[in-house]
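In the two complexes that follow, subunit A is the common piece, with subunit B as its partner first and subunit C second.
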Partner chain A sequence: MRKNKKRLNKKRINKNPLVNKLAFTIVLFIFSGFAMLTVKNMDMQTLVISIAVPLIFLMSTTLIPKIFFADKLLLSLVNFLCSLGVLVLYRMDPAKGVNHAINYVVGLITMVVIMLVVKNLSRFRKLFPIIGLFSIAMLALPVVAGKEIGGAKAWIQIGSIGFQPSEVVKIMLVVANAYFLSKKKIFYSMAFTGMCLLLLVLQRDLGTALLYYVVTLVMMFVASGSWALLAGGVIGAGAVAVLGYSLLKRIGFAHLERRLLAWLNPWGNYKDAGYQTVQSLLAIVNGGAFGLGLGAGNASQIPVKETDFIFPFILNEFGMIFGVCLVLIYIIIFLRGIAVAMRCNHRMHSLMAAGCSFFIAFQTFVIIGGNINMLPITGVTLPFVSYGGTSLLSSMGMMGVIQGIASINKRHIMQDELLADIGEGLA
Partner chain B sequence: MKNLRSMLRKAALVMTVLLLSLVVFGAYNVSTQGNRWFSSSANTHLRELKANATAGNVYDRMGVLLATTDINGKRVYNPDSNIRRSMVHVLGDRQNNVGYGVEAFMANRLYGFDTSPLVRLTHAIRGEKLKGNDLRLTVDSNLSSRIARLFPKDHKGACVVMNYRTGEVLSLLSFPNFDPDNITEATKQDRNRPFWNNATRWVSAPGSTFKVITLASALQNINNIENETLNCSGIIEFPGGRHNLLDAGKAVHGDISLKQAFTKSCNVVFGSLALRLGDAQLSNTAAAFGIGDYFLFRDFVVENSSYPKHNRTQSEIAWTGVGQSALQISPLHMCMIASSIANGGDMMEPQLLLREINPNNEVKEQFSPRVYKKALSKEHAQIISDYMYGVVQSGTGTGARVKGYRICGKTGSSEIDNQEKSNAWFIGFIDEENYPYAVCVAVMNAGSAGKVAAPLAGEIFKEILGVR
Partner chain C sequence: MARENYELLALFMRYWFVFLMLVISIRAVRLMAKERHEYKKLIDSLPDAGLIGEIVDITTGNSYPLPREGDISNKAGADIRLIYLPRSLSMHFEFVPRKGIRLSPVKRNTTALMDGIPLYERPYALHGSYIQAGNYTLRVRLFEGIDVPYSKRLSTSMDDSEGWSERTWDFAADDYLYHMQTDVNYESDYDYNYYSHQEYDYGYEDEEGYTKGFDLAPPSGVAKKEDDYEEE
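Entry: the complex of A and B
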């Protein structure tokens, strides 16, 4: 009886026909999208990429779970978002689309590597405190030798390659905090995150600082179960925001005030400070419920449409209903990540998976909220979709952490089953 | 681990709610304001979108064709230039110079952007242009062009006529107006801004017409105020002396009743009433009439009215009671305020669309009147209505009298800084079962309301009633 139940369980985990159907639908979607672009562009490059991207999708979604016990649903949804990003960016600018496709492949490889590292986490135990020091060193780099883009000094330029250390540190932040908190060393965690936040403020990258703060606070709350800590954190952040706003705008945070003004009254300043927000809202309503169609949109005026404002660009061509579906997909990815965290036997594993899931979900909330004028614009990217190598790699890396924990969980389940089988055999 | 899981569950729930709130916030904003964004002048794409569709016809309530599209896709307006001029602020023009005219604000219906994607797809495949829907408006174009002729030449201002039982707008005029078929460089450069819709987008102090609201507040908040004997000494003095409140023409009314004070439009009595009521009670009553509301009407984009919030000295409060200070109200909103008194306290939402007819000549949507809000009680509305009847019978508004009909009204001359003469306002209505119409006229820089606005309103009432 017990054996049958377990078998059933195993079957449910490993072979889910619904997920296969989902993956098939996604491939169809992506392929038809690229086919349309091929018909429109009529060149070799588009044809190649329109076959290559669905192929990457199919191979990664079928092979990775077979070899490494990854969660197939999570993988296919993330793959969908990445390939949607390639599709939309290719439609905007073929060169960027190709770049994003390359980043996507590199991202998949990063994901697998991080999965393998996480799977053998116990071997790296001695490294955890060093991760903390290393990430602080990374964040200090742009303060010393950074390059200013869009009001924030968060970039490092080495030769022709530019990257954002704060993106890379995202994963380290989660891992280090998970380590400290699993050992119940909450003050270590506070000191470490405080240091990171200070460096981010010095880089004037307040959007990322907000993400770091919220994710750490959630991890602390989950680990300690203390409501007082949560309340203190929220009130403290509010006080810092109010105080900081009046203080900071005097010392080089001029873009802050503009963003606040653009948030409160974008239509009153639609030619100036509110331009981004107004163009974003117009792109959404011009698209309507069903969109203007791929390649037929009129959202090319939105500033930074490749990164921060890719969401309204997508809605302009695919419609608001599609936008709602996108939000739902992010919710599913988030809840799936939380489900992985729930199944863990280890506090640290659980905190790592949860931290990464919250990171992706909260980043999505902040950027889409900024796009629809629910929140001020903070200049973070839409995970998996936005253009930008470092951002895609860090999102994929976080996915790798979740997938690694998922495969550990599966290993535990299979070990349990094996034991049960042996036990039954003995009986 | 168990505790961690339960905390995780709570945190995950909150995060999910946050993500879902994106959908709720977006859906709410798009459904309430999406059409405003879409048709705003910030939307430079509207013209491209319009090029892909053939707009439907626009008719007035009598069936007069106001706008249509010819075979070349050009928009054609009514051949009569008087009708074109009097309809231009309601209808809009080809270049979208007038903000939020029907041609822009109703583009969704008129150009068929609201038709189902299936229909749009079949049209796209067949290579046909999308055909929009026809609209039947509540306005009466002939009445409007007759009223426009009555308005004093070379003055800026606005004039609104609406049915106070249903909210249907019969006429909405802004002056100076222009001919959409003859827009010259001079029209564009005109400092009087003919493109601007003064009826909906111009907000200003409405002068003594605001005493209607002060009166309503006094009736609601002071017991037995109707039977009290009030005193007008001709002046309310304030420290400093610069902001003393005087009566028009330095009149001294002595001991009078509330009704007499209203009839004679006594500033001193209403200023001291405002002081007795206090800022909080007066602003509450103003809020009940929709001042300070964020207007999201289906058919009109109306500038929000506002009650002054800053620098509330005693003299400012007294001046607010007589409709001066920093009060800002649009003519359309003043017409709604008059309507709410005529309609037993129920303020109707201004309505412009009667019905939408699809290209197959079937009625796609029939629009019905909607109550916007309950502004005041039926009893108080009746009392104010009687007082307003007194104003027209024997007070400052005798110019609006029409023999044989019960006309109610209130005048208002508002002083504006750096302006030679005052703005002349009149709000009023015909208190007859068969003619449920309210009127608001505002003539800028014109002088006394009793001499300019009330006679103009009287002529408008005669046009509506068909009295010659």
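Entry: the complex of A and C
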């Protein structure tokens, strides 16, 4: 039996030339980008990072799938997005680029750790309800002792280290909801998410609250298959948004009104609330189809360009065609995540993979929608690319969940092949 | 590098970056499509993929494919749908490697049993286990090679002294246990075999109409002699 298993493992890890070609193209892209920055800056640090980042990419995309049976396509694309983030941030501010590279490595380690945890999920079964309580405690922290940034009191500062608990809780929310919904405890799931949403509203972090709400609703729909639940959730959210808007702006949510004004008429409020949106739109238009070239863009005046508005910055320097391809890559990541969820044999795994995929996809949709003025600005980051340690770690953690489940699926398929072989042997 | 020269280089390289991005996107799409196609082909070649055995309703003879995890209930979306199963007897099952199939009831006050053990004790079903839920009596059959411990219950009730084949013993031991659990009192071994194994031909009738030639009897080893039947 062990021999069979080894044989099948070997068969599974057969070299797929298309994956290698994809990895080669990505390495070429990253290397070309950093080579340009090296030519521009002419310093040692840029040279080191131009060698280090492609090396990290190569090592992670070759070693992790071999050791942990991870999905190579997903891993390649996520690594590409992280490397693109390092490249763009390094072009904006070398210090931030280096920080992002460090966060990228820490994110990879986090991903592997979470993969291992997910692969042995049954051992942590008793911890799932505790995760729910821990998440609520984490979200309550900023309400009590939070630091206000950009109108939201969502940050915790411990010495020189600052982090956003709502980013960490994202993974916990998905895991706890998947646990409750797999046990058909919809009420527990609702109560838990309601508690989280309440705490997020108290933090005035409505963008993250929207993400939490939508992801929970989608997970409930996936678990129950009830269109009535989905429709009720959407209509309920719409009603709460309309009623809440008039109520919330009276009790200190001034930034909410500003963002709504900026969305409805950015050009009318060009110098005030609409400044970010207008700068973003101008940067995208200036970039044109092919961009102004890496390091030669003119989007440096966009506020918070390294976090919320990194997408227009990329479009300004790389062009709209590049932007469309970037969106396509996010779509591929989402579809791949959904495929992983659909191939699961366990309901909880399936819900976790679907939840994490949808989290990443919806976050991307919300932030890109905000950048191109399709939606109001919500203050969330572009997954894997935007600057921010907690955000990157949480995105990589979610990818770890998907990868862990993908490796479980592979193990199950291998077992099915073995069973089929045994069955044929008996026949 | 001088600013003007760098700008020229950047203007030239932007086409290169767009080209590479297009290649990355196309390769990613192709790879996804190819992998999906290969997966579909693999799944087509494995008709039992995702399954670990079957559950047989021994009263009707219907068998249901058994996935690694799912529900047994009367709902349309259930993995194993038993339309006359009361909602309170619905259960969730999950395959746990090296342990068996963990059964957990949807309602705490369930009266369903697995080999005589109430379901609220979260028992593990093994190959040959019986699940009694309402009017349904289900038997678990697992594929050869599934990573579960061999049923101790079956092995202890076996006695090779009679020289029966292992398969016969397996069935006999199971049916004996089923007989013990369900409080059904058969008047004779004939009744026992007739009612519990209707699908099999266990004997033949002689010239006088008596059934003879049982090849299966309760494993108690007290199979009646032919004379006993003649007396009856």
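Convention: the second predicted complex is superposed on the first by the 409 of 427 C-alpha atoms of A that agree within 3 Å, B and C clash if a C-alpha of one lies under 4 Å from a C-alpha of the other, contacts with A are read in each partner's own complex, and residues count from 1 in each chain.
FYI, contacts are C-beta pairs under 8 Å (C-beta built on N, C-alpha and C of every residue); 3 or more make two chains touch, one makes a residue touch a chain.
Predicted model, so just to flag it, every value in this text is computed and none were measured.
By the touch criterion stated above, A:G225 is placed in contact with subunit B and with subunit C alike. When the two structures are aligned on the shared chain, A:L335 is found in touch with subunit B and with subunit C. Of the two partner chains, subunit C is the only one that A:M42 touches; subunit B does not reach it. After overlaying the two complexes on the shared chain, residue contacts for A:L281 are found with subunit B alone; subunit C is out of touch.
By the document's definition of touching, neither partner reaches A:P142: not subunit B, not subunit C. After superposition on the shared chain, subunit A has more residues touched by C, the comparison being subunit B against subunit C. Looking at the shared chain after the overlay, A:N345 reaches both subunit B and subunit C. When the shared chain is aligned, subunit C comes close enough to touch A:G423, but subunit B does not. Of the two partner chains placed around the shared chain by superposition, subunit C is the only one that A:K21 touches, whereas subunit B remains out of contact. When the two complexes are overlaid on their common chain A, residue A:G233 makes contact with neither subunit B nor subunit C.
Judged by the document's definition of touching, subunit A residues 225, 290, 335, 345, 347 lie at the interface with subunit B and also at the interface with subunit C. Subunit C makes touch with subunit A in their complex at residues 1, 6-7, 9-18, 20-25, 27-32, 34-36, 39, 42, 45-46, 48-52, 67-70, 77, 92, 94, 96, 106, 143-146. Within the complex, the subunit A residues that touch subunit B are 218, 221-223, 225, 267, 270, 278, 281-282, 284-286, 288-290, 298, 301, 320, 323-324, 327, 330-331, 334-335, 338, 341-342, 344-345, 347, 350-351, 354, 357-358, 361-362, 364-365, 368-369, 372-374. Listed in rising order, the residues of subunit B touching subunit A in the complex are 1, 3-9, 11-12, 15-16, 18-23, 25-27, 29-30, 34-35, 37-38, 40, 42-45, 48-49, 113, 117. By the touch rule above, subunit A contacts subunit C in their complex via residues 1, 16, 18-19, 21-22, 25-26, 28-29, 32-33, 36, 39-40, 42, 73, 76-77, 80, 122, 183-184, 225, 290-296, 317-319, 321-322, 325-326, 328-329, 332, 335-336, 339, 343, 345-347, 412-413, 416-420, 422-423, 426.
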